[in-house]
Structure formats: C-alpha cells, structure tokens
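Take this structure first; my questions come after.
Letters are used for the chains, namely A, B, C and D, taken in the order the chains are written, and counting of residues starts over at 1 for each.
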Amino acid sequence: MAERIAAPIPVGLVGVTGYTGMELTRVLAGHPDLKLVRATSRSEAGRSLAELYPYLSGPGELGRMGALTVTQPDAEDLAKACALVFLAVPHKTAQEIASALIKRGVKVVDLSADFRLRDKETYEKWYATPHTEAGLLAEAVYGLPELYRAEMAGARLIANPGCYPTSAILGLAPALEAGLVHTGDIVIDAKSGASGAGRKASVGTLFCEVSDTFRAYNLTRHRHTPEIEQEVSLLAGAQVALSFNTHLLPVNRGILSTIYTRLKKPMSAREAHAVYAERYAGEPLVRVLPLGTLPETRWVRGTMFCDIGLAVDERIGRLIILSAIDNLCRGASGQAVAGANLMLGLPETQGLPLAPLMP
Amino acid sequence: MAERIAAPIPVGLVGVTGYTGMELTRVLAGHPDLKLVRATSRSEAGRSLAELYPYLSGPGELGRMGALTVTQPDAEDLAKACALVFLAVPHKTAQEIASALIKRGVKVVDLSADFRLRDKETYEKWYATPHTEAGLLAEAVYGLPELYRAEMAGARLIANPGCYPTSAILGLAPALEAGLVHTGDIVIDAKSGASGAGRKASVGTLFCEVSDTFRAYNLTRHRHTPEIEQEVSLLAGAQVALSFNTHLLPVNRGILSTIYTRLKKPMSAREAHAVYAERYAGEPLVRVLPLGTLPETRWVRGTMFCDIGLAVDERIGRLIILSAIDNLCRGASGQAVAGANLMLGLPETQGLPLAPLMP
Amino acid sequence: MAERIAAPIPVGLVGVTGYTGMELTRVLAGHPDLKLVRATSRSEAGRSLAELYPYLSGPGELGRMGALTVTQPDAEDLAKACALVFLAVPHKTAQEIASALIKRGVKVVDLSADFRLRDKETYEKWYATPHTEAGLLAEAVYGLPELYRAEMAGARLIANPGCYPTSAILGLAPALEAGLVHTGDIVIDAKSGASGAGRKASVGTLFCEVSDTFRAYNLTRHRHTPEIEQEVSLLAGAQVALSFNTHLLPVNRGILSTIYTRLKKPMSAREAHAVYAERYAGEPLVRVLPLGTLPETRWVRGTMFCDIGLAVDERIGRLIILSAIDNLCRGASGQAVAGANLMLGLPETQGLPLAPLMP
Amino acid sequence: MAERIAAPIPVGLVGVTGYTGMELTRVLAGHPDLKLVRATSRSEAGRSLAELYPYLSGPGELGRMGALTVTQPDAEDLAKACALVFLAVPHKTAQEIASALIKRGVKVVDLSADFRLRDKETYEKWYATPHTEAGLLAEAVYGLPELYRAEMAGARLIANPGCYPTSAILGLAPALEAGLVHTGDIVIDAKSGASGAGRKASVGTLFCEVSDTFRAYNLTRHRHTPEIEQEVSLLAGAQVALSFNTHLLPVNRGILSTIYTRLKKPMSAREAHAVYAERYAGEPLVRVLPLGTLPETRWVRGTMFCDIGLAVDERIGRLIILSAIDNLCRGASGQAVAGANLMLGLPETQGLPLAPLMP
C-alpha cells in the first residue's frame, strides 16, 4: 500500500501479546486518524483481540479493536492492508520483518532495539547477535521528536527509542547542548516500573518477587548504555562514556532517572533552570517543572510528557537532573505513535494529548 | 447564567482539593464541550491549580486549567460564570451551596451524599445531621443513567450516586428487575481502593497502614447501605434490607463488589447471563463480560465502564454477581460528567469514551 | 531413622523451590529443636540453598542452612538422615513420597492436598486424578491443632490444612459447635495474597497483572471447597454445602475471609463474642479480637495467629465473622511445624511465638 | 536505678506512637534479656498498648506488652523502673529527656538526631534549633557497632545512627578505609520505604500519594547529609563533601543506597570484593554478598543485616556499592537494641538473629 491514503489511516501491529502492544491499542483507541486493522501474533493467531484482552470491549473503537482477529505475521498481507506497521517484537526478529515491509512500501516504526544503534559493531557487541540489515540501519531515524523531528517526517523506518534512553537523553540534552557540564562525570541512576521487564512468564517478575522490595539489576552492562552514549555524544560533540545503572521499582509504569553531573563553572539552580526552560519552550511533550518542584512518575502516568526537575548542589558543584516518563507511553508505544504521526504527515501530537491518571 | 449557551459550556467545580476534584479535571481535560472556568476552595483560594497539582501543566487544556486561579466559593460569582457547577465538597456543606446556585439558575451536579436519599429521615438518621433543603431533596434526580436517563435530562439538580452504590445497583438491577433472586438473602461484599477514603491527612490511610495489608471496615453500618437499599427496593418493587460490607484494598482506584444472591428457581449461568446481556444490550457504559470471564478492577481503570461477571453455584442455588468500576471515574467524577452531559443536552457519553490504563 | 533421637531433631524438606519451602526455612531458622538437614529439589539439586536464596547467609542458623546442598529427593537417604520430613511438593507427587517415607519409619507432614480429604472419591473428583494411597488416606490426621491436637500427637502422617480452609474453619468452628447459625446459608468471601498462587513462572501472577488491581477467581469451583465442607460438616454434625469464593489481593501474604452466616435466633454481637472468646480461651494461636476491632492481615504477618473479629447485623439477623491468617505461616509452613512439634513430642508452639512485622 | 540488675533487664520506651516505637516492641518481644516495663506517650497515656496496637495481644510476651499501660513521660518514674531507656521522640524533645534520665543514672539510647552530630554548630545549622546539651553531645557515642563497638560498651548515651547514614556509612567504610576511591567524587543515590517518613497524619504520605509512583525529595538538603559526611570524613581521614540524595519508594520498609565512587586506580570487581569481604569478615550483621549478587531490600526485611553488593564499571573506572538495610530494624530500633545490648554487657546480637520475611 504505497500510495498515500485518506484518514483514517490503516495501521498494523506486529506482536500484540506484550505490554507495548497493549499500550498501543490504548493509544490508538483515542486516535482520530489512525485505525488498527491488523494485529499479529504467532502464538495467538485466530483468536480475537478481546479474547486476549477482555477490556477491549464495549461500544466504539475499543470494541471494534477487540473484535479484530489476530493473524499470523505476513508481510504480504500487512502491506496490502496497512500504510504503516508498528513492530512490537523482540530485537533480531524485528530486522527481518522491517525489511520485508519496507520493501513493499510500508512505513515502519520499530519498537525493538534493532535500528537504534547507528554502529553495526556496537549493536552486535551489546546484543550478541549479527545485524543482517546494515542498509536499513544506515537509513533508520532515531525517533525522538525533540532531536529528530524533521528527519522523522521523511523517514521510511523509525527506530523508536528505548524507555530509559528517552528519559536520560531528554534530561541531559539542554545541559550538554549548552555545555554546562563535564562530559566525563555523568552518572544516571535510573529506576523503572515492572512493565519495562515485559509480559513473559518469569519468576523474577512475579508479584511476590517485586512487590514491597527494591533492587538494582544489570549494573554496568544494561543494553541501553550504548544507545544513551550514542545520542549524548552527538549532543556533546564528543565521545561520552557514562555510568548508567538500573533499578526495578514496585510500580506498574514509570521511569525516573536521577542524573548526576558536574558543572563546568558555578551556576545557580535558577540559571540552570532558565537554560532548560528555554530549550524546551516550544516543545509540547516536555515539561520543565517550576524550580523547587521535582517530578513524580504518576504525574506522567499514561501520558507522553517527559517531566524534568532540577537541583544544584552548590556545595559541591553538581547539577542534578530528574527526568520522569511513562515507560510504556512516552517510552514506547505513545512515542511510536508520535513517530507514525510525523511519518504520515499528521500533527506530531495527534491523538496524544493525554492527561495523567491521578492517583 | 440561566440562558443556554454555545459550546464550550462553562462549568465550575466547588471543592478542588480532593481526589474527586482531581479526577474531574482529568475528565474535563479531554471533554470537547465543557470548559472549566471556576475552581473553588476555601483553603487554597488565590493559588493556581497548577500550584496545587503540578501535573496540570503543559500545552493545551491541561495547561489552561492549571493556570486557573482557585477562588473562594461564591454563589454569585459562580452563577455569573458557569452554566453548571459540580459540588465536590463534604455532605452537609453541599446542601447550602446547591440551594444558592439553583436559586440563581445554575444547574448542579452534587457529588456528596446530600441529595441521594429521597427520605429526609433516613438521611438524618444515617448522616446524623439535619437536612435543611427538603424541597430540593424532593426534586433531585439520582444520577445513574441506566436507571434515570430521562429524568436526568430534565433535572436542575443531580445527586451523583455513591461509588459503592453504583457498582452494587448496576450489579443487582437485571436480577431484581427480572425477579431471578430472593430479595431477602442478598449479601454484598465490597472492596474499594484507598482513593475512596479521600485526600485528607489521616493516619489510617497512610501508605504504611494500607499497603501490603487488607481489612474490613464499617461493617453493618456503612452510609451507603440506605442508598443501595433505596434503589434496590425500587427495582425489586419491595422493601429490601440487605447485608452490605466494605473492605479497603491496597490499590489506588477500583471497586469490586461480589454480590451473593439466592436464585428463586434453578438456573444455569448461561440463562442468567442472557438476562444480563439483554438488559444492558443498549447501554454504552456497562459491559457484561462473556460467560467465564470475571471482571478485574484494572480493566475499568480510568474509565466509565461498569464491568459485570456472573457465576452460578448450582450445588447451592446461588447467583454470584461481580461488578467492577473505577470509584473515582464511574463512581464519582466521570459519572458526574455524564449527568452534566444529559442536563446540558449533550450526548450522554460525550468526552467519556475512556480506554482503561493497562497495566 | 525410626528410633527417637535427642534435640536438635533432624528434619528434611522435599521441595524447596516454592514459597512454602522458603517460609519453612524461615521458621526453622528460629526453632530451637528442629534442624534442617536435607532439602531436596529435582531441578536444583547440587546447588547450595544460598545460591537459590541469597538471604540464607550470615552467621548462625541462617548461614548453616544456606550452606546445605540441595539433593535429589531420595526416600532412602531422607530416612537415614531425618526423623521427620515436610513435603512441599504438588499434590499427587506427595502421595508416593509420603508412602515411601512412612514405610521407612519417617514421620511426614504433607503440605499438599493429598491427604486432606477423607473421602477418596471426593479427592478424585475435585483433583481429577486417582488416589493411590487409600490406606494412608485413612490414617492421615488433618493437622489443625485447635480441632485435632490429640490425634496429631500420635500421627505418622499429618495432612497440613490448606490456607483458605484454616481461616474458614477456625472462623466458623465456634458458631457451628454452639449451633448459633443456620448451616444452609453460609457464604465465605475469601481474599488471599499472591504468594498463595505459588512461585512458578506465570503471566497471571506477574507483578503488572496483580498490582493495583483486584479480581475474583475460581468462583464456585475452588478445590478448597470440599476440604472446608468436610470439616465444617463434622463441626456442625450435618452435611454442609456452602458458598466458597476466592479473590486475589495485591499483597504478598495474608488471607482475610469474610464469612456471612444467618443467626438461628437474634443475638447481640456481645453474646456472639462471648461464645468465641470462650471457645478459644485456651488457644495460644487464635486471638479473638475485642468487640469493635476487626482483623487486618498485617497484624498476623509472619505469625501463627488466626485473628478473629465479629459483627452482628441485627437489622437482618446475620453474624459476620472475619478471620485473618498469614497464608504462608499459619496457612502452610508454620502450621506444618506446629504439627511436627506435636508429632515429635515437643510443645505445640515451640519455635513459633512469632511477632508480626508491622508495618 | 543506677545499680546493675539481673536479667531480664527492665527497659523503657519514650514515644510509642511511631513506627520506630512499634518496631521496638517487635524486637523486644523476642529478646530473652530485655523486658519492656514502661512505654510513654503524651497523647496516649492511660490506654493500654494493645488498644493502640491490637496486634500486641496473645499469650506470652506480646500479650504482656500489650497489657502495659502507656504513661506520661516522667524522668523520675522512668529512672525508678528502668535500667535503660530508648528515646523515640522527635529531635529537640530528646535533648531534655536524655539529660534528665542520665542525671538519674539511667542509660539512654536516643533514636533521634539530637546527639549524632559532634559539632554543635553543624547541628544548629541543619536542624535550625539550638542545642542545649553540649556536654552530652561531647559524650555521646555514635551507635554504629561496626565502627564504635568498644566505645558503645562503655557509653551512658548512644546516639543511634540515622537510617540512611547506616546504609551509606557501612557501604563506604571499606573503600575509604582502604583508600580505594577518590573522596571528592562520591554520589549516594538513596531510596527509602515510606515508614521512614514516620506515622504522622500527612497528605504527602497517604497511600494514594505514594503507591504506584516514585519521586525524589529533599535533594541537596537532606538532614542526614552532615551525619554521613561526619563519619565518612573520619573514615577517610579528610574532610569529605558528597552528594546525598533521597527518594521515596512505594514499599513499607527498606533502604537501598546506590553509591557511586571513582577508583583511584583500576581495580577488578573481584579485588574490590576481597577488600569488602575481609573488612566485614568478622561482622555478624553485615553480609557482603557473593560477587554478581546484588542486594534486595526484602532480603533484609525485618532483620539487622546490612547487605552489600559491588560492581565495577571498568570502562569508566567507577566502583558502585549497593547497600541495603531495613530502615526500621537495622536503621532504627534493632540497632538501638544492639546498642543497648552493648551498654548492658549483653552480647551485641542478643535477641537479634532475625530471619528475613520472604516474601
């Protein structure tokens, strides 16, 4: 379906059984111009979406989506039915499907990690698997609107950013662009809700293993490290190696990154805040909170906002940046829809002015 | 502001500091035809809404609402500015404000208990305070669309149903209307999330007193008992006294009522299900789940749906009804907006096709 | 090891990978007279317990247990090393092991359901599998000390009660023994923490599927139903069929059963309370809370207590009984240790005066 | 009561209404040599402890404590009845009571911040109130056994360490003592459960404000900063200023501090681990986890353990230390009992070999 078509624009979703797939259905249910017409899953083909997700019922768009029959992923069929396809499958699997779809003229937003790292070798080292689509790798656009809005609009393939990187990069961008901080002394202490671990059966993410407790994981070797370093280095104009460390929160959704940097020269919190406020003044989906207000993950729950708060520890010359997102919405499916909007010529925030669910 | 005005219709909110006030701003943020122009609070007047709720910021309607200055509640001012006012203040307080507003031609949706009980004496007994607006009591319409849609459309004053009663009444209505069950043997075992307890400082609802634990409260004397019995008796065509008991769940939102009834004559689950499915076939905001599927509070999180599931224990002749709602949305502010929609001549579900936040 | 041996008495645990196995190590760590000398698991044999459970380290008994090497379950080896063995394996598996151990003179406390139902056919119907140890079934003692203390002391095989049945039976016993309530109108609305679902990888009990939500499950067909009915019928002196229904709480531990009964004749809460207080006056592990106080699962967290609260709804003649236990301790491993104590001639509560963890 | 008395040794608790008071009763319930004979509270005097805390009932020590009548705090009475008194009252209040008790020959363990900072001016600056007991300030011993065991044994007054400082100091001590890391580049990213905020009624710590969300608070100005810097400077032999930042976890108990340091010279994780293992080899209450294992707050739930895990990010030369404690037990009341043990000539860990509650 190479030709441009009128709204509602038919889109597909490959991989419907995970939390990002579920979140995409939620976002699309309220989107005025995109219409989910295909949902695929190798394991669930033949069932209706409502059988998988009984909450996809009722009148209107929820019920219409619920009535969709899950199909086997088939590039030919997807290409016939869809103008754009979201890939919510594991990395490696995404490479092949992306290639098959793009060859058939379908736009693709890939939510996996397959096209995020520009450097093939870095990918192969951190993901321990060959990359077989080097051509597409070169072409893919990193789908963070605040950095790549223009490129995204013309892209055939968007690499949807990782959840942690979204929070970290948006948190660091103004400080690095303005040269406020040393690039050699950055520590990102990130905390994520359990939906970030996905929806596969696993003892480690059972309720009783996550509730009422807290732990770090994957210290010094989380796969989002090279992705963050790649974008941060571009922003800094120099190769940056930083300390990125992750923790598991007993919450469903939400990432809070506490980012520790060292100021190049003394600066008040007010001055730092002014830099951030100016950088994001025109951005609809980033909120620089008033000085003295620190972000909370619930304030972005279910939304596209990245909320940023700042503190300066004048005693020791550190700028501390707090960056909060909803890992499933801004950090995955919502951002994917923003990318789709741009690729399809729609307003970037179409269907995305979501209010947080409080409490 | 007695005359009918064009959309967006200006509305006010008296009592903005509680969870129902917060939820109303969320629902209104996505409503195409209602516009919040007044938000009042005795304790917070003079501050902006965003100072109270930093998440009310950003571009668009969220930010516009956040910029609203909280005012003292003043019937004169509210009447000048608003076509309709929502009251989210404690019972007793609501009586006076409702009266002052209605005298000035403003429509009122009262979220308190003040106008729910048709019988003045019952009110005074259960709420231990005199009712001073007997005239309005006679006029008020109980705002459950599935029962009183037509009356609501013509009302000046809607008594927005309580959260527990919404789930209980919708759960029982089909069985009682169809005469399936004995009216003398009804037990409602209800469980609610902590937002139902309100947003006042209190040791009993601190995180550490609610998290990782479970308890019953107010057994045999919850104030929603006469409200449920009032409506259930009307449905049954006979005076019903039932057992209504409440528990506190360690969740933010959500009510699940497990309702135990005794069948008048043997009936399969399939037959009972057919009665429910038929009764609610045309209802946009009630979902009778497929046989074998039981509701979960998360499936209605943030939505207007009342999800209903059924089981029949054939060994002992009992019909068990499960009814789930979001206590803040369907059980309070969302339902209040449905009432406002009807009073203002808008479609009942305008602004309310909300998809659940999963997970 | 048929002969009686001096303290510390060596005991074994078959099935160490689940929550009941974990809880047993916690209880045994503080027991002055029992010493865990064998821990078996087909899947984990060869590893140390501390590799499985890193918290089993440090000085003293915790560290000693952590250093134990997990072995393959082997009746011969267990019989040589242990005076008593706890079985924490799935039903059906337990039958064979129990038989092999008892033949070798080892006492057995079986935490599975295999020996709880006295009637072979009832077992086979509800568990859908043949029972191959009818002889042992006849001999097994149901391990609820408040009902079978004397029989337990002389038993070779104790069938450790299910978690729900423990709370339900203890809640109902005084009312039934005293003939206060009708046996034909009993509804048990039970709610359990997620550890009751076990520690196997499963999508349904992932954190994101349980947290911040609530649901019923297995309505009208939970396998604990016949177990409750069996014991309740004995207490009532008549065949009782009751309504038993279960819900999943977003908490780690804890069961609260809300039990609805109908009084045979009018009775005040004070009178009902006196019956309960007298029945349990000498019981060290049941606490009848003062009138007006209702149990909370956290008050029994980590303990052997069954806390009971009462309410009478005089308007409709119902006695409501609330019964709270810790499903892993009183409802499984702690009660198993009480059983072992009795079988081994130790004081019933040896090692079990556990204080609740609050909050 | 200046003279030494035989076990059980009578002790008192001033301030029984908070979580540390509650935790102290839990710990004392299992202590073989200490006996709570006084519990005071200005607001609750005259009631029994069991009226405040219904879980303090049952046979044995729990019930005996529950039967204690809460009294007004009265130094004379406390001195007559107790050999040692625990102060669980707010800072400032503690100063006067401590002085009055010590004058009367009673040993004191103060759980407030009043005697933790050796420097009067630092105290007055961070706590914004005068310190009126400079003499006692000079005498008080900082109650961290791993650093001050000998001094504690001879003390009349122990300043019980803060919860965050306990985790931070134990985490940093080996690295600083061995000179592994730069003292000018230390970042402590600390996360605490909600019980750390105390048990006073407050909107900010209501269940619905803490559950399913995450936030930082008090950045750059938490009052535990000077306490940590004081002890860390002593360990490093140089004045240290560090970045200490706190976050609120939706869990009841537990602190995890992620501590970022910069290595003076390249070092493998194995080498760093050896330094830690050696430093804490003889310590009964610190567990250096095996390399590759990271601490979880639940592994120390209800216990006195400080669990430490290590990672080295060789790419950037950082040693990352993870330190987990139970903020109420190791971080408050349990550590206070360890201090009392030492002051009273009992073994340090008497009554404290507590196993974690899992899950």
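Here, a residue touches a chain if its C-beta (ideal position, glycine included) is under 8 Å from a C-beta of that chain, and two chains touch if they have at least 3 such contacts.
Owing to the predicted nature of the structure, the values given are computational and were not obtained by experimental measurement.
Novice: Applying the touch definition from the top, give me the chains sitting in contact with each of chain B and chain C.
Specialist: A, D
Novice: So which has more C-beta pairs touching, A-C or A-D?
Specialist: Per the contact counts, A-D leads.
Novice: Taking each chain's centre as its mean C-alpha position, how far apart are chain A and chain B in Å?
Specialist: So the centre of chain A lies 35 Å away from the centre of chain B.
Novice: Using mean CA coordinates as chain centres, what's the chain A-chain D distance in Å?
Specialist: Their C-alpha centroids are separated by 40 Å.
Novice: Can you check how far apart chain A and chain C are, centre to centre, with Cα atoms defining each centre and the answer in Å?
Specialist: 45
Novice: In chain B, which residues are in touch with two or more of the other chains?
Specialist: As it turns out, chain B has residues touching two or more other chains at 19, 195, 208-209, 211-212, 250-253, 296, 298, 301, 359.
Novice: Within their complex, state which residues of chain C touch chain D.
Specialist: 19, 22-23, 25-26, 29-30, 53-55, 57-62, 195, 211-212, 252-253, 284-285, 287, 289-290, 293, 298-302, 305, 307, 353, 355-359
Novice: Sort out for me which residues of chain C touch chain A in the complex.
Specialist: Of all residues in chain C, those touching chain A are 19, 193-195, 199-203, 205-212, 250-252.
Novice: Residues of chain C touching chain B in their complex?
Specialist: Within the complex, chain C touches chain B at residues 185, 187, 189, 191, 208-209, 211-217, 219-220, 241-243, 245, 247, 249-254, 256, 258, 260, 294-298, 301, 309, 311-316, 318, 320, 322, 359.
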